[in-house]
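Chain nomenclature is as follows: A, B, C, D, E and F, assigned in order of appearance, with residue numbering initiated at 1 for each chain independently.
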Amino acid sequence: MHIVALKSPDSRDHRSVLHPDTVGKITALKGASISFESGIGDGINVSDQTFNDLGLKAISRDECLSQGDLIITPTSLSKDESSKLKSGSTVLGMLNPFYAGEELKALNQSRINAVSMEFIPRITRAQKMDVLSSQANLAGYAAVLEASKYLSSALPMMMTAAGTLKPAKVFVIGVGVAGLQAIATAKRLGARVEAFDTRDVVEEQVKSLGAKFVKIDLGDTGETDQGYAKELTPEQIAKQKDLQSQVCERSDIVITTAQIFGRPAPKIIDESTIKKMKPGSVILDMAVETGGNVEGSIVDEVVDINGVKVVGVSYLASRVSSHASFALSNNIINWLTDFYDEETSQINFDFEDEVIQSSVLAYDGKIMNERFA
Amino acid sequence: MHIVALKSPDSRDHRSVLHPDTVGKITALKGASISFESGIGDGINVSDQTFNDLGLKAISRDECLSQGDLIITPTSLSKDESSKLKSGSTVLGMLNPFYAGEELKALNQSRINAVSMEFIPRITRAQKMDVLSSQANLAGYAAVLEASKYLSSALPMMMTAAGTLKPAKVFVIGVGVAGLQAIATAKRLGARVEAFDTRDVVEEQVKSLGAKFVKIDLGDTGETDQGYAKELTPEQIAKQKDLQSQVCERSDIVITTAQIFGRPAPKIIDESTIKKMKPGSVILDMAVETGGNVEGSIVDEVVDINGVKVVGVSYLASRVSSHASFALSNNIINWLTDFYDEETSQINFDFEDEVIQSSVLAYDGKIMNERFA
Amino acid sequence: MEMYVLLGFVLLLSIFLGLELISKVPSTLHTPLMSGANAISGIALVGALMLSSAGQMQDILAFGAILFASINVFGGYLVTNRMLSMFKKK
Amino acid sequence: MEMYVLLGFVLLLSIFLGLELISKVPSTLHTPLMSGANAISGIALVGALMLSSAGQMQDILAFGAILFASINVFGGYLVTNRMLSMFKKK
Amino acid sequence: MENLANIQVIQNMIYIISSVMFILGIKMLGKEATAVKGNYLSALAMFFAVAITCLSLEIDIKIILAGVLLGGLIGSLIAIKVKMTAIPEMVALFNGFGGLATFLIAWSQFNEPDNSIFQHVLVMLTIYIGGITFSGSLIAYGKLSEKLKLGKGSIVTNVFISFFYLSMPAFIYVVIEPSIAGFVPQVPSYFSIFLVLTLMAGIGFVMPIGGGDMPVVISLLNSLSGIAAAFAGLLLLNNVLIVAGSLVGASGLILTIIMAKAMNRTITNILFVGYASSGQTASSEEQGEVKPITSDDAYLILENASSVLVVPGYGMAVAQAQHVVREMGELLEDNGTEVKYGIHPVAGRMPGHMNVLLAEANVSYDLLAEPEDVNPSMDTIDVAIVIGANDVVNPSATEEEGSPIYGMPIIEVHNAKTVFVLKRSMSSGFAGVQNPLFFRENTRMLFGDAKESIGQIVAEFKD
Amino acid sequence: MENLANIQVIQNMIYIISSVMFILGIKMLGKEATAVKGNYLSALAMFFAVAITCLSLEIDIKIILAGVLLGGLIGSLIAIKVKMTAIPEMVALFNGFGGLATFLIAWSQFNEPDNSIFQHVLVMLTIYIGGITFSGSLIAYGKLSEKLKLGKGSIVTNVFISFFYLSMPAFIYVVIEPSIAGFVPQVPSYFSIFLVLTLMAGIGFVMPIGGGDMPVVISLLNSLSGIAAAFAGLLLLNNVLIVAGSLVGASGLILTIIMAKAMNRTITNILFVGYASSGQTASSEEQGEVKPITSDDAYLILENASSVLVVPGYGMAVAQAQHVVREMGELLEDNGTEVKYGIHPVAGRMPGHMNVLLAEANVSYDLLAEPEDVNPSMDTIDVAIVIGANDVVNPSATEEEGSPIYGMPIIEVHNAKTVFVLKRSMSSGFAGVQNPLFFRENTRMLFGDAKESIGQIVAEFKD
């Protein structure tokens, strides 16, 4: 089987699906040869030469598309590119089907199998393949550093001869994987951290990081059996907004991470809240790519609303591209090694398996997930 | 006495010598009226209006110059501006006389008293006025955040389902005020931190922050009685460079802070060392404004040398301009309140006092510090 | 004499025991413990009861000894108890 | 009888004392302490020496008692000492 | 006769049982959870011992009944009526009565015919100890209830002190004289003098001691009354008296030592300094003396403090003691103590040095206070713990114009009631100047690495 | 006569002095710093007691000299020659000889004319206890030196066990019979039978107990030999025997309890389980039983561990126990134990959760290990401490195909010699599945909040 790894065509995404520290696990697979798109390591300071030395071959993107039996990609492929693929080959990567539904259909029509790493089920066994977690984690870290860049004061408290510098107050809304890491990072830097989430179980987790949980009683909320948040009713959102705005008012940095899998992110902070905030304070909207939690947030822009900086950054995890690539490639390789059959040199599409069931969206000309049919 | 506060003419410096939280202490001085250059708070998100509300008056820069009895300024004044000042008035601020010697002479020729906050003696009593410390401290913090911006991985260690992310190794060279805060900040973020300084006493201080001190035996080094480092002999520098380069090689971030008061910064890292470092690693040269510790570092540029990013940033403390301004204004006000005589509404130039002796460079037409005579 | 030796021995052993018993007492219990020990030292009452009665003088001494020892015993135990009950309320 | 009562009393007090003495001992000392206590239990030697000699049977018994008690005493103390000296070296 | 012997055996058995109950009772009194039961147990033991004694009485039952009933009534009334605040003096009073009882018992024994020399010595010892306990306790009572105002230095006090000193050779004389003479004199002329002298001596013993030290003295007197009872037991050949008495004597002694330690004094210091300075003009020894303290003692004081201010400095950083410091803070708070951290702006070696460390150790920001916040109310602080700080708590910064650090605002821990300074030696800090704080009356130096010292205190707390 | 009485008084005085020395000696033996001196002191006490006894001997001096010299020689030789590894069995042997000595003393006393019933009872008691000590110790010696291989279950063992059970009614009979009969029979027919039975009983007592439990048994036998000596003292009206014997008896008992605890057993468990399963087929009770442990006991085990693996999980985060965990780690290291932290990739609730906390608590990165690093050498780990982790140490992830967590690599703590699991209840973790680890043979559950549990262990360490 010939495995090819593609580079992200988006120049803002510096991540690579290959990392020198992890490729050893693929090259060790019996019967597999590997090539990669030249320049794949540019964003993580790894030259083609380095990968060559590890036994991989640099080829052009087009060569990749036409030669690969398994195509590993950090993004979805355009319809145009789909047509260049070998029929019966498999595309594995972050296919983002909610936003690239047409592209998925195109793949399927060309009888190409599509595996979306976003659809790894959240079961214990599959955690090692969970790209959403691994990237959200690093995004949470990057979010705090990014936000503090725009804040005109330091996060920790310092009692000095030149007066006492007050610690920054950081408010994290939405405590999933990214939110937790954001809390941890802000705490580390010495900020006072508060956090809120609609799921009650999260309270204990917030406290387990030494931060404060803001209690807002929204009545019945809850999570799906996969651990994702349910969508809130409009009244609940209104109530939440109201009480949250009080916390925002006293905060220097607000980081919003609220996302609902497969849907646009909920709008949590509206302009009236922003207007109440102190000039100079910073809102970082981690959900900006899926519609944004904050009114007025724009991808890759810093919007100034009444002196408050609303920051929207795409590909946050890519700010720590090296670690992100390491994790990403590990996730992908973990999927691959679990389902690669060394005897046949083929991927073993065993639809009894829960991971295959969830992550394989298109197989042998059939869309396997009814949401994209 | 009419006190006027000037804005920095350098657009890269966002700091202000006034801060809303501190002006109360000047307005409380009997017999003093205060004006400020319009727009002084732009860099710290404070409007003229805010200062107006606190009882201060916004005027133009020229008005400031011609009306002030005491001119508080974050930088030296050009010769041109000196001529606009009232004779017998006092200029108080960061006059940077080593680099603005001519400007100092011009002030003196106009019989203007010049107080340089850089020359506050390092005695216990005067710590509250020590701008070098207060700014270096914040610069040390900012340096770590700045450097981590250019590093493509996260600082802390994370053992995750997607593999173990290794902690970054940070090496701080020169452990003065800035170096210590840099160590503390990097430690906080979870990096492995090593540090080196020519002064031996520093070893204990490094350990007191939980970091590792790199022992390099240079023979006789030492510090002046003011706590500044002595200049090293060429052989010592060579030896240091050699051993340091080994530590640099294994480091992801190197932060250099070595400065010698009143002289160009020592060159500590040369290109051969940089070439040994891993591509993707980052060197932040905190001494870049006084000549730089790193060969090839350029102010406000990121120079790529063999994949290593050499970062030179001016006005690092200004990255946290709000806190920096708070500290700076406190320092200045502490000087002022110590020497302001409420009966005469004048500054009491008591040359018996050690602080006045050191910090007043020009008085009544005489240069008081022989280095600038 | 043999008797005295043995009794002296009992005395010695009791002292050792006393020393061992009170080696780690929380400071809040110092006063109650002192008071409780004080009540026990009213054991002199037993001694007083054993006195022999030979003449008025001896009777008076015995009466005095019994009287004062009784005060010690009753007062001591009751005060200790009051003190301890205070603790419980806290 | 009086005598037995007093001696019984001494026994009781000693037991209390023994209990109090060994309440907090670091575990490294368990074995030496056991061995040291074992040597002390060789005090039976004193008892053996007090036996009366009336006939061969009694003499044999006394000899046996003295012999074995002596082994216990000498062996016990020496072994304990060896054990403790090991600690010091560490 | 057979019958009597049997009764004696039974009595002795019961005595043994009640002795054991006393032992257990005292043990239980030493633990908070069992203290109340311990007191009951010991009362029960007392009841058994007294009851069984009544099986073989020689004295008129009327006298006994009168004595017990009257004494019981008085004792109970006092115990029930007394205000809780007056308890210490009540304990002193009761204790005095116990001493008086043994005093009287011994007197009565003195009157018995055919005393052996050994018995004579015992009688005299019992009288001496019992008498001192009695009159000493009365004085302690008087001092505590503030009925007696005489302190050291007054003429009356000095007279009584002389009696105390006189009583010692007198005691030796009454003990030795008959031994030399080889016979025991019956009511000799000097006996009544000795009785009086003993009582005077007790007064002289306690009189010069200050009111603050009274609890320790009472504990000592309590121990003495136990010893007197034990001697009376030897005299009367009664084992429960011996056991109960010597238990009280020994545990009282230990308690005295513990209490003296908790007040940062030694017993001899309390007793002896009382005497020493009574003749002189007192209070002239203030400067130049360093008073070290052990972590045990520091713990005892902290345990009783209701407000504590922790002042960390560079030494805390060097020792990396931040984690134990936080732990100690938490334990103090659990103990009901109010804890604050006084952070000096230049403590440590970099701006915010203490903040970095305390944040690492998870000390809440809300507990941190600046000098301006803590200085005004410093005199309400029971204990200020200075952890490896030096310059920032140096009073010469505010007091000595010539000092190189003059003019720097400091954390004025010297105004707190007690100051602990934790450092390794007497060496100076960054500024290189000597610190007069270390020599203050209210300062105790806890020498050693700060992490270890606090670690020890923490360990004590956890016991 | 007068002279003899005087000697007796002096003897008694010396006995008292040596008793006190024994007391102090034992106390000193209990502290590392004074242990050696304590042993000398107790030896000196022994010398005094023996020497003063020699002032009034009845037995032929030759017999005495022969006995003491021979015994001393044998004892010293054994003590000096023995390999240090063989010390436990030597202690057992010496102890057995001590028991034999009292056994013989009592036998000799039995032969004396005019025993009272009370004395008879004492004699029988001493024989019984001394005899069991003797033969029991011999068996213990045999087992420890591996000269004796018979274990529980064998026929021989069962025979001896029957003797043990038989000996009890026999003992009651020999004690009660003369009391009922009202007179003490001289060398009755059954006496020799009783002697033999006693020795058999001792064998039956120790035989079924496993070699691992031997140290506890020896300590118990040691305590018994002390008690036997004390009874002998009562018999001979000798107070130093009584004091020394009962000191050994009592302290031995306490020591036995402590040692049993350290092995995580109760004494009855050691003795009784030995018996109970000796009849059955043994080893069938393995699943479904949870064995809780207290922090005291956990401490004792940790103190003796030479390698410890700490496995933190979400519960450590919830309890915010990271600081105490690090402290415990440091204390263990100070104690010479090798400490590592096994960090599972998904421990906690976010990637790197444990790293954040342990870094905060200043645990060095070098101590952290991944499952791949620790699993291969897990069987060399003495104690694995699982702190609020659950799913990540659940063996069904590797063993039970059906389990929802099947397939996840875990930290295989169940392969360590002992596992402590610190959690508050038996409830399951994030994945909601039951954890068979909790029921393993080598697992002990330390219930309670992790911070508190570890805090207690830390406090024990600091004592």
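Heads up, the rule we're going with is that a residue touches a chain if its C-beta (ideal position, glycine included) is under 8 Å from a C-beta of that chain, and two chains touch if they have at least 3 such contacts.
Nothing here was measured: the structure is a model prediction, and the numbers come from that model.
Asks: To get from subunit D to subunit E along touching chains, fewest steps?
Replies: Steps on the shortest route: 1.
Asks: Spell out the chains that contact subunit A while also contacting subunit E.
Replies: Where subunit A and subunit E share a partner, that partner set is B, F.
Asks: Would the interface of subunit E with subunit F count as same or different, where same needs over half of all numbers used to appear in both copies?
Replies: Interface between subunit E and subunit F is built from largely the same residues.
Asks: Between subunit E and subunit F, what is the gap in Å from one C-alpha centre to the other?
Replies: Their C-alpha centroids are separated by 39 Å.
Asks: What whole-Å value do you get for the distance between subunit A and subunit C if each is reduced to the mean of its CA atoms?
Replies: 78
Asks: Which subunit B residues touch at least two other chains?
Replies: As it turns out, subunit B has residues touching two or more other chains at 127-128, 133-134, 137, 156, 158, 160-163, 165, 188, 190, 210.
Asks: Identify all positions of subunit C at which a residue touches two or more other chains, and write them in rising order.
Replies: 3, 6-10, 12-14, 16-17, 21
Asks: Tell me, which residues of subunit E touch at least two other chains?
Replies: 19, 23, 239, 243, 320, 345-346, 351-352, 356, 359-360, 362, 463
Asks: According to the definition of touch, which chains form touching pairs?
Replies: Listed in label order, the chain pairs in contact are A-B, A-E, A-F, B-E, B-F, C-D, C-E, C-F, D-E, D-F, E-F.
Asks: Can you list the subunit E residues touching subunit F in their complex?
Replies: These residues of subunit E touch subunit F: 320, 323-324, 326-327, 360-362, 455-456, 458-459, 462-463.
Asks: Within their complex, state which residues of subunit F touch subunit B.
Replies: For subunit F paired with subunit B, touching residues are 343-346, 351-352, 354-356, 359, 362, 365, 368, 370.
Asks: In the complex formed with subunit F, which residues of subunit B make contact?
Replies: On the subunit B side, the touching residues are 156-165, 167, 190, 192, 210.
Asks: Would you pull the subunit F residues touching subunit D in the complex into a rising list?
Replies: Going through subunit F, the ones touching subunit D are 19, 22-23, 25-27, 29-32, 35-36, 38-40, 42-43, 46, 49-50, 53-54, 57-60, 63-64, 66-76, 78-80, 82, 84, 87-88, 90-91, 93-95, 97-98, 100-102, 104-105, 107-109, 111-112, 118, 215, 218-219, 222, 225-226, 228-230, 232-255, 258-259, 262, 300, 303-304, 463.
Asks: In their complex, what parts of subunit D are in touch with subunit F?
Replies: That would be residues 3-4, 7-8, 10-12, 14-19, 21-54, 57-59, 61-88 of subunit D.
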